[in-house]
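You will see two complexes here that share chain A, one where it goes with chain B and one where it goes with chain C.
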Partner chain A sequence: MSDLTEVTAADEEPAEASEPSGVRAALRRRLTETTTWTFLILLGIVAGFAALRFQQFATVFNFRNIAADASGLLIIAVGMTFVIITAGIDLSVGSVLVFSGVIAAKVMLAIGGGGWGAIAAGLVAGLVAGTAWGVVNGVLVTKARVPPLIVTLGTLGMALGSALLITGGIDVRGVPLQLTTTIGIGQLAGVPYVVIIAAAVTAVGAVTLSMTRFGRYTYAIGSNAEAARRAGINVDRHLIKVYALSGFLAGMAGMVSLARFATTTIGGHSTDNLAAIAAVVLGGTSLFGGIGTVLGTVVGVFIPAILQNGFVILGVQPFWQQVAVGAVLIIAVYIDQLKRRAQERGERR
Partner chain B sequence: MSEPLLEASGITKSFAGVRALRGADFAVHPGEVAALVGDNGAGKSTLVKILSGTLAPDGGEIRFEGRQVAVPNPVAARELGIETVYQDLALAPELDPAANLFLGRELVRPGLLGKLGFLDKAAMRRRTNKAFADLGIGLQDTGAMVANLSGGQRQSVAVSRAATWVSKVVFMDEPTAALGVVQSAHVRDLIRRVRDSGIAVVLISHNMPEVMELADRIEVLRLGVRVARYQAADTTMEQVIAAMTGALGDEEVA
Partner chain C sequence: MRRRWLVGTVALALLLAACGGDDEGGGGAGGGAEQQYSLTLIQGVKGDQFYVTMQCGAQEAAAAAGATLEVTAPDEFDASLQTPVVNAVVAKKPDAILVAPTDTQAMIPPLTQAKAAGIKLVFVDTTTENGAELAESEIASDNEEGGREAARSLAELTGGKGSVLVINVKPGISTTDARAKGFEEEIKKTPGLKYIGQEYSNDKPETAAAKTTAALAAHPDLVGIFGTNLFSAEGAATGLRSAGAAEKVKIVGFDAGPKQVEDLEQGIVQALIAQKPADIGKAGVEQAIAALKGEPVQKKIGTGFVVVTKENMNDPDVKPFLYKSSC
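What follows is the complex of A and B.
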C-alpha cells in the first residue's frame, strides 16, 4: 500500500478544513503546558522586583549582569535538556566544565606567547576534552548498560579528580589576557560576548530539538526507547550523541568561565549539575523523558538568577533564593506527576 | 497453492530455560490472511517477534521468497517488506500520531534544510490525515499526544502505521483487542483490502469468530509447535479449538 507516498492536490483539502480546530487545539495544549505557567511565574517575579525597586532592578546594566552571570549555566542546561528528554541524567557537567577549563588553560600556557593561536588551540582542546567525557558517559550508558545516574556520578568524580591531579589542586592562572578582555568581558553593541554565545547555543539547541530529526529521535527515545528501536532508530548511537552534546556544551561553559574569570575556578562548580537539572525541570521538561523544550529551560535558568539578583537588591538574605527555588522545583515536578497519573488513568480507559 | 512468501521451519527459542518454541513451523502466502492461533503460552507472540526481527531465534530456518534469510533486527524485516502491529503497539506516547506513523522514516524538507535533518511536519501530518481517513479513523485533534488518545484510537494509529508501510507481509498481533465495534469493523475491512492488494497478512487473535471470519488459512500452535493447519472454509471453530487445547493428536495438514 504505497498510495500514501504521493500527495495530490485533493489531499490538501482535509488538512485545510481542519485548520481552525487544529489551531484551537494547539492553543489549548499550549495553555496547559508547564512551560507556560513557569514563564508566567518568571514574569511575575520580574514585575514584582521592578515594582519594588524599579531604579536599581530594571536597568540595562542589571539585566546585562544577570544574563552574563547566567550564560554558563544556560549553555550547560541546553545540553541537559536533551539528556533529560531521553529520560537520562548528566551529573558530570560541573566536573567536565572544570576539567575542560584546566585542559584549555594548560594548553594555552604550554604553547605560550599569549597570542590568538595559543588561545584557539586551548579552546579547541577544552571542547574536545568536554566532548570526550560526554562520549564516555554515552558509551557506558548504552553499551555497558549502567544507569545514567551512576555513570555520570562516576565520571563526576573522575573528571574532577583528574582536574585536581593535573593542577595539584591549585587553580591555573595566567591564561592569555586577550581571552578575558575580548570574549570574557567584551561587548558587541552593548551585549556581552558571553551572552551572545549562550544565546546562539540556545537558539541552535531549540531549533535542533523542535525541528530536526535529531530532536525527534531524542523525544522518541525518551518516550518509548523500545518503540524507537523497533522503528529502526539506532538508539545507542543517538544516546551517545546526546551525552556527547552535553559534554561538549559543558566544555563550552568551561571556556566561557575561563574567559570571564581568567582562572579555572576548580572549586566553583560542584552544584552546577543540580542547578542545571533544576532549571531544566522548572522549564517543564519531564524527568520521565519524552517531554520538554529549550525555551522552557531558558525560563528555568532565569527564575533562580533573577530571584538571586532581586533579593540582593532588596536587601533580603540571598539564601532565601535557594529556599524559593527548591520549593518551586518540587511544585513543578508534583504537577508533572499529577499529569502523568491523569494520563495513566486515560490509558486504562 | 502458490509458493509460501514467508516460511519458518523448526524455530526454537528458550527464555531462561523455559522452551517457548520447540521447533515451530509456519508459512504464509501472498494475498492470504493466515491466522496464527493458540492458547496462552503457545508461543504465538514469540514466533511473531522472531519473524519480525525483534527476537533472535535459538535455531531453525526462515525462508523469504524461496531463499533463506536472517532477520536480525526490525530494520532487516522492514527491508524485506515486513511490518508488524505489536501487541503493546510500540507507540511513543509523548509524540503525536503523525510522528508515530513516520517514526524512523521521517520526511525531511527539500534541499539544504533536508540535508540538515529539518523535518517536513506539514507533509507528514497531511499524509497521516489521509491514512486515517482511509482507515475511517476520526481524530479531532491530530496534534495531540498519543497518550491522550483512547485505547482504540491508539490501536488504530499502530494498525494504520503498519498498513501504510507494508509491501509484502504484515503481522498483526491482536489488532482489534482494544477496539470498539465500529473501529473493529474498519480494521477488518482494512485487513481484507491489504490482503486483496496481494500482501500476506498474519493475524494473531484470541477472537475466534473474528479468525473464522477473516482467515483464509489457520495455523494452530500448541506448546511451541504447530499442531494443525486448516483451510478456513473447510473447518469449524470446534475443530480449531480442539487443536488449540490438545484434544487432537498429531499435525494434520489440510
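What follows is the complex of A and C.
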C-alpha cells in the first residue's frame, strides 16, 4: 500500500512541473508501457488456452462469442476509466444499466406496435435515464461534496430499487422482436452488431481521452484537482460531465443487454461495477487518478472474459474460476507495480 | 531486466492455464473407450443444493452409461451470466448439453446457436418458450402435483378441520405459482378445511412472519400453512412462534435442502414436499444418450415428489431424496 502511494506521489510530480510537453511525453511513454505489459499477460493467457485446446478455443466462433459477451462490460468500463482517472469511482453502473433497460423496455411496451419507432423511442429514453443518474452522481459529488464512493453507493441502491419498484421485481419482457434479431444477435460481415457498438464506443473513448481537451482536463483533475482549478479549468462542471458520461455509457450497456436478451436481466448485474473497476485497474489505470488509458481497459476487460471462457472449455470446476480470476487481478497489478517501481528507481538515478 | 519480465509473465500465464489442464485431467473420467459420449451439465446457478443433487444423479447415470460429464454454472441465476457459460461450452462442442435455462426467452439465442452447432440439448428443471423445438427432451418436476401433495399432507396433519393459508413468494414465478395453484385445487377436496387465500412474502422471512401473525388475528381457527419455498415456510414458523401458536398450526414446506431438513428436525415445519432433482439429472443423461444413439426419446418427463416428515426422514426409502451439498 505504501509503495502504491509512493509511486502515485512520484507520478504527480511531473504534473506540477513547469515543462508540460516533456512531461506529457514521459507520461505517455509510461502509460503505453503499462498497457503493453498487461497486453502480454492477455496474450500469454490466450496462448496458454490455445496450446491446451486449440480446436475448441482458438476458433472464430469462440472469439466472436467472447467479444459479444464482453461487449456490455466493455462499454461500462470505458466510462469507468474516465471516472477513475479523475480519482473518482462509480459503483452505480450495474444498477443504472438495469434501470435504463427497464425504462427502455417500458417505453417500448407503452408505445407498442413493435415497430422501429417504438424501439428508437425506447432506446433514447433508456440513454436519457442512464445519463440522468450520471448527472445526479456528478452533482452530488461536486456540489454537495459527498465522496464519490458514498454517492454512487447510494445511487446504486436507488437506481436498482427504482427499477424493482417499476417492475415489481419481475423482469420486463415482450420488447419488439426486431431489436433482438437485428442489434441483439445480428452480424455485419461476421461481426456481431453489439461488438461493433462496443468497438465504436471504445474508439471514441480512446480518442477523446488521449487527444482532446476533454481528456486532458480529465487527467489534470485526477492528477491534482486544485492545480487544475487554478489553471482555470471548471473542475465541477467537468466532473459532472465525466459522471454523466459514465451514466450514459451504463445506459448504453443496458440497451445492448436488452437487445441481446430481450428481457431486463434485473438479477444479473449486481457485480458489474466491481468487474468494471477490476478491468480498469487491470488495464493500468491508477485508482488514485491521473493515470490510465482506454486501451488498457480493453485488455483489462478481456483478461477475465477469456479466463472464464477458457476455464469452462478446460472443464475447471466453476468455483475455481472466481479464485483464478481474482488471483490474476492481483498478480497483474503486482507485476505492474514492480515494474513501475523499477522504473522509478531507474529514473531517479 | 525487461526480457526477464516478459518471460516471467508468459510463463506465469502458461502455468495458470496448465493448472487448469491438470484439474481437468484429474477430475474427468479416463479416455480411451470407443463411442464415449461427452456431456456437459449447465446448472442454473452455482452451489445450489437442488442443482448439486441433480448433478449427483446425472454423474451416476453418466458413469453407468460410460459417458463423461462435466458440470458448470453461472454465478447467479440470470440469463446475462449464463449466456457466456453456454457459449464457452458450445465452443467446446460436447455431444450433448443438459441445461437449466435461466430465462424462458433470453436463453433462446445462445441455445439455438448450440443446437445449430450440432449439439443435442436436454432441458432440466426449467425450459424456454420454444423448449419443445430446441430440446430433445424436457424434464422437470410437476409443480402443480407438488402443490396437491402439500394439500394432502396438510389435510392429514391438521385432521381436516379449520382454515388454511398459503404463503407464496411473489407473483409471476412459474414454479411457485404452480405449487399454489395445485394446492388450492386439492385443498378444496377436504370439506372441513377452509382455504383463506395466499399471501406473498417477497422471499423475506420477516414479511412472511408479519403476514402470518396478521392472518392468525383475522382467522383464529387457522390450523395449517403451506409455505411454497424456504423463506416463506421459515417466516411463517417465526410468526407462529411469536404469536404462541406454534403448537396449534402445522406448516408444510417445499424442497429438502439441508436448511429445510434442519427445520424439520427441530419441529419448525411438520412436512416437506421434496422434489427429485437426482431423478431429473439421471433422466436427463439417459434421454441425451438415447438421442445421441438415435433411439426414441421422451419429449416431456415429469418427475415426482416425496413427502418428508420428522418420522420418516431417516427411512432408507426417504433419506436418499434429501438434497445434497456434495455427491
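Just so it is clear, the second predicted complex is superposed on the first by the 296 of 349 C-alpha atoms of A that agree within 3 Å, B and C clash if a C-alpha of one lies under 4 Å from a C-alpha of the other, contacts with A are read in each partner's own complex, and residues count from 1 in each chain.
Note that contacts are C-beta pairs under 8 Å (C-beta built on N, C-alpha and C of every residue); 3 or more make two chains touch, one makes a residue touch a chain.
These numbers come from a predicted model, not from an experiment.
Once the two complexes are laid over each other on the shared chain, residue contacts for A:229 go to chain B alone; chain C is not touched. Measured by the number of chain A residues touched, the leading partner among chain B and chain C is C. In the superposition on chain A, A:219 makes contact with chain B only, not with chain C. In the superposed model, A:211 lies in contact with chain B only, and not with chain C.
Within the complex, the chain C residues that touch chain A are 1, 5-6, 8-14, 16-18, 20-21, 23-24, 27-28, 46-47, 70-73, 75-81, 83-85, 87-93, 103, 105-106, 109, 117, 170-172, 202.
Those residues of chain A lying in contact with chain B across their complex are 1-4, 7, 11-12, 14-15, 18, 21-22, 25-26, 29, 211-214, 216, 219-220, 222-224, 226-233, 289-291, 343, 346-347, 349.
Looking at the complex, you find that chain B touches chain A at residues 54, 73-75, 78, 84, 86, 90-95, 99, 103-106, 108, 116-119, 122-123, 125-127, 129-131, 133-134, 140-144, 147-148, 150-151, 163-164, 166-167, 194, 197, 199. By the touch criterion stated above, chain A contacts chain C in their complex at residues 37, 40-41, 43-45, 47-49, 51-53, 56-57, 59, 61-62, 65-66, 68-69, 72, 168-171, 173, 180, 184-185, 257, 260-263, 265, 267-271, 305, 308-320, 322, 324, 328, 331, 335, 339, 342.
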